[in-house]
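Working notes, beginning with the structure itself.
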């Protein structure tokens, strides 16, 4: 299985080569990046069926040892397919999209670094290795979001992304530590061999691990960084913030749940909380998306809500449904993002949907692919989204939890804001000079879009490409029979979402609805801003003041000043220069000596 | 042969004082020491057992003082931990001598003081005798004072005085503890301390318990002051901020580790567990203050060098966490290697960051955050290197600090029985983990303020890092990467 | 010595001492000093130390006091311009002597010693018993010496006894004292040399 | 009816304290000097007093002769006092010549 090593070494080699050698030749670095990712895609195809585990020892200390190794099974190899597939398409797209960018070499270098760390997460054989590449992925997303670092907003967004991920990693590490002390091992295979008993410590550990996934997959409180991450170039958003990186959280949770065993997991209390967090996130994100005016922000919030779906599925102890939705969502969300990238590129980097319109006539192919993506996202029957969303609804119904209604509500909202986007941006007439002279983008951009359409159309029908562990056969059928009550509900949700969008937004030039609560993202950012300002900066200033004046000033300074004071006191009071005082001192001396010698 | 490790820097320092070409001699001697250190480490690594290693020429014993019931002798030799510390000293010395530009009139002082500090640190780490272990450390105190006092920046005289008096006070408390320890153990030989103390502890149990408790207290507070444990940390940050580059690198990188190294070999490995148990809670509270309190202070800093000084104080908290872990759970075989690895990693990363800060100050003439901005455009290499060390210090995987920190956290949870609730060390580990977020906050803010954003006018003509300045940074960065990717290269010395 | 005479001389001594402190004018305090020394000499005689008594009057009262008065006249001191004594110094001046006297009294109250009376009979007895004849003994007195003759007659040869002890046992300190006096005189000459010559 | 040792010691103690009080009290150096002489005299008084009251054991035999060691010491005290007065007054004269005052409050050059 040396082939698997190539998956790992290739992107790293290209990242190093680009960074240190090809810095001066951007075009060459772009080509190298793309070729390497395509090669990785090919290798991913070859190792699809294999089942092996290999690696080398990183740290070994007595009974504690951590090794960097891969576990190749259906779950990880198919996930690799998604990662390398979308990666190569994004690379091709970026060749055109970033043509006139000055720092193209650095961009492709960072992309390769991202591919390397993503491979690390997908193939990792133990939790510590996952954590290592978890942070490396965080670093590469920091570098990519902050690609145009001249802009303060990009720098801030990058910092925000890294710190929110860091908060997630804080929980993740505690989870790993607890799991390690409960089971004594961090290796997935050893965990699978003897799964731990369901104790409350295990449920806390699982929740803490989920905290890590929350940071990476941008769930409820830690989702603030994803919309700001749109500061980065659009291909980056497509690759990282739609398909792969954010999915890493769900993938890791699925891996942990499968390893520990769904029967033990279902008894844990914290899993219920995970499901509800997923549900709430999807609801919140969907509500926020209805009022956004930036095309990339809308897609970002839709990613958030779809991630909420996946986490809900995992929370409902049905990781297969979650992974299936992840699989289909990766393709059509990448399609949507690259489509929006093409639109933005054509409209001279203008991202406001109210400046777009009438693109169907000017950019037919891009618009059609975009519409197809929307259909898939809004779960129109026979599209990829429909099947995966169905599986999640089934999972919710099996658990009999109220999340089913939340899921349906979110489905309606998704349809509403996606078709709002379609009516405003694609259909209708051009509302702004930018969209008037928008013309079809170059072939290099259209090819990935078309490929993505084909793949996302066919994805649900090739079930063995779905990243699921070997041992569980796919029980949900590919073609749902219409008699099922749930199908009716989901179609109803679609209609419920479509009609208001049609009425409100067809042919409009101004947004009829104005709900500031949603547009300002429930003011969560402002709340976080205050928390940070008060909880950290002001506190830091106070602590610094205390440290400066209390510890440094009073205690240390105090000691020195009191010593000095004592010295002065002696000098001025005792050494007066007057003979009488000296004589008086003599007298006291005599009296004391007499007392001591004679009486004491 | 091992004697050369200490004599080369000393002779070079004296040669410089008597007129030898200062920079050349300093670099040559640092190089020779590094080569010798690597050879010694390889010899130590390959030797099958410590005794076999001792027969070789890597052992030097010379009687210094023969008292009635004990003898003090100049005894140099290598143990697992001291090999790593020796490598750290050699590497940082070479980097320190290479970085920084000596002001015109003071070349001799600049290089001889650096070499004296290096020799002091090297001597302290490889000496196996308690007396010389302490004496060599004191050798490094005066050159530090001279360098900060004369060649430092900012309010240097006051800071130099404060730092030196603070360290001297700490050393005195430490000396008292060490002499008391040696007297009850009946020997000054570090290796025999454990048996001596055990015998003493066994003899009269009740009295000896509180005596040992007193000794441990003295050692903790003595070493604590040298290592800027929480209440005694106010000397560290200003001293490193205003010290010239080599001294800041050597002191923050190497000399600070003397305190921790000492705490491990004279307290943790020597004093019986029952006594150490009592100090765990206090130590955990202090180190958490170290991490959270000083972490918040670091966030509030307005200058890069002060921020780095405070961050080095904060990182001491993690190493103390490992020491507290082993004090609480003696069979904890991860803690000591974790502490040593983190000491090595932190030493290298803080040295590299001070070297780069010196470059920033020379090129941009300022270190204030509000006067810096967008340097990355005109100084991409400097931005890359500072980014590398910034990421290293906040514990990014692939770099040495992360390996150390992860193992420290694992040692914190080692020995935790999952049925019982968290013990003090476990809570300490959890809160220390939040320190990782705090360190990410201040480091990223620093990187964003200095490198990202629009280019400010003063940085427009700022030239990038020159080749000569790059060498120490690349050397240290390389070491960080090698140890980060494959930490077993160091851990082999420990088991 | 008989107590009435003793108290007389004691009174003279103490009043003289107080007079030295009390008088503002230095000359009058010097004279009171002389009275006090005379009192002390009287006490010495009462203790059968005639030579020392005479010496006291001769050296202290005669020489030292004369020197003091000479210097006072030389510097023609006016009565001290800070006439009144500030309260803290008075308090100090009273407090310390009181403390010392109190300690002395406490010590003295524990001891009791009676005088050894001297009369002809005791002197004759002493001549035979207390003086030895062999030359090595510390109290050797030659057979036909004047001391033995006086003692046998019942008189106390005070000066001879002092002379005998001074030139036998204490001969070395005597030489040192001689040297000391020489040094003192040289010192005075150097100190009182005409200062303007040293100022060039 | 003979005065015992205690009376002598009390008298000399009193004299000593008067001398000491004088030193503390008076501001004129010469008077201080005189009080010093007074204290010396008191000391010699104690010495001589002891010669009469300490029985001089000579190989066990008690002696009635006065013990002349004490008086030797008084002899030396007197000599030293004389030398001291000579030098002291020379110093005072030199002091007066340079400072034109011998009042202790003005002479505090040695102030710390």
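Observations
Chains: A, B, C and D, in written order; residue numbering restarts at 1 for each.
Convention: contacts are C-beta pairs under 8 Å (C-beta built on N, C-alpha and C of every residue); 3 or more make two chains touch, one makes a residue touch a chain.
Computed from a prediction, not measured in an experiment: that's the story for all the values here.
When the C-beta pairs in contact are tallied for C-D and for A-B, the bigger tally goes to C-D. Look at where the CA atoms of subunit C average out and do the same for subunit D: the two points lie 8 Å apart. Inter-chain spacing, taken between the CA centroids of subunit A and subunit B, is 36 Å.
Each chain gets one centre point, the mean of its Cα atoms, and the points for subunit B and subunit D are 68 Å apart. Each chain gets a centre from the mean of its Cα atoms; for subunit A and subunit D, those two points are 99 Å apart.
Across the assembly, subunit A contributes 580, 584, 587 as residues in contact with two or more other chains.
Annotation for subunit C: residues 89, 92, 96-97, 100 touch two or more other chains. You'll find the chains touch as A-B, A-C, A-D, C-D. Contacts from subunit A toward subunit D in the complex involve residues 571-572, 574-580, 583-584, 587. By the touch criterion stated above, subunit D contacts subunit A in their complex at residues 20, 23-24, 27, 29, 32, 104-105, 107-112. Subunit A contributes residues 57-64, 66, 128, 131-133, 135-136, 139, 146, 149-150, 152, 154-156, 158-159, 162-163, 166-167, 169-170, 173-174, 177-178, 180-182, 199, 201-202, 536-537, 539-541, 543-544, 547, 551-552, 555-556, 560 to its touches with subunit B in the complex.
Taken in their complex, subunit B has these residues touching subunit A: 162, 165-166, 231, 233-235, 293-294, 296-297, 299-301, 333-334, 337, 374, 376-377, 391, 396-398, 402-403, 406-407, 409-410, 412-414, 416-419, 429-430, 433-434, 436-437, 440-441, 444-445, 448, 451-455, 486-488, 491, 494-495.
For subunit D in complex with subunit C, the residues that touch the partner chain are 1-11, 13-22, 24-28, 30-31, 33-35, 37-38, 41, 44-45, 48-49, 51-55, 58, 61, 63-66, 68-69, 71-72, 74-76, 78-87, 89-94, 96-98, 102-103, 105.
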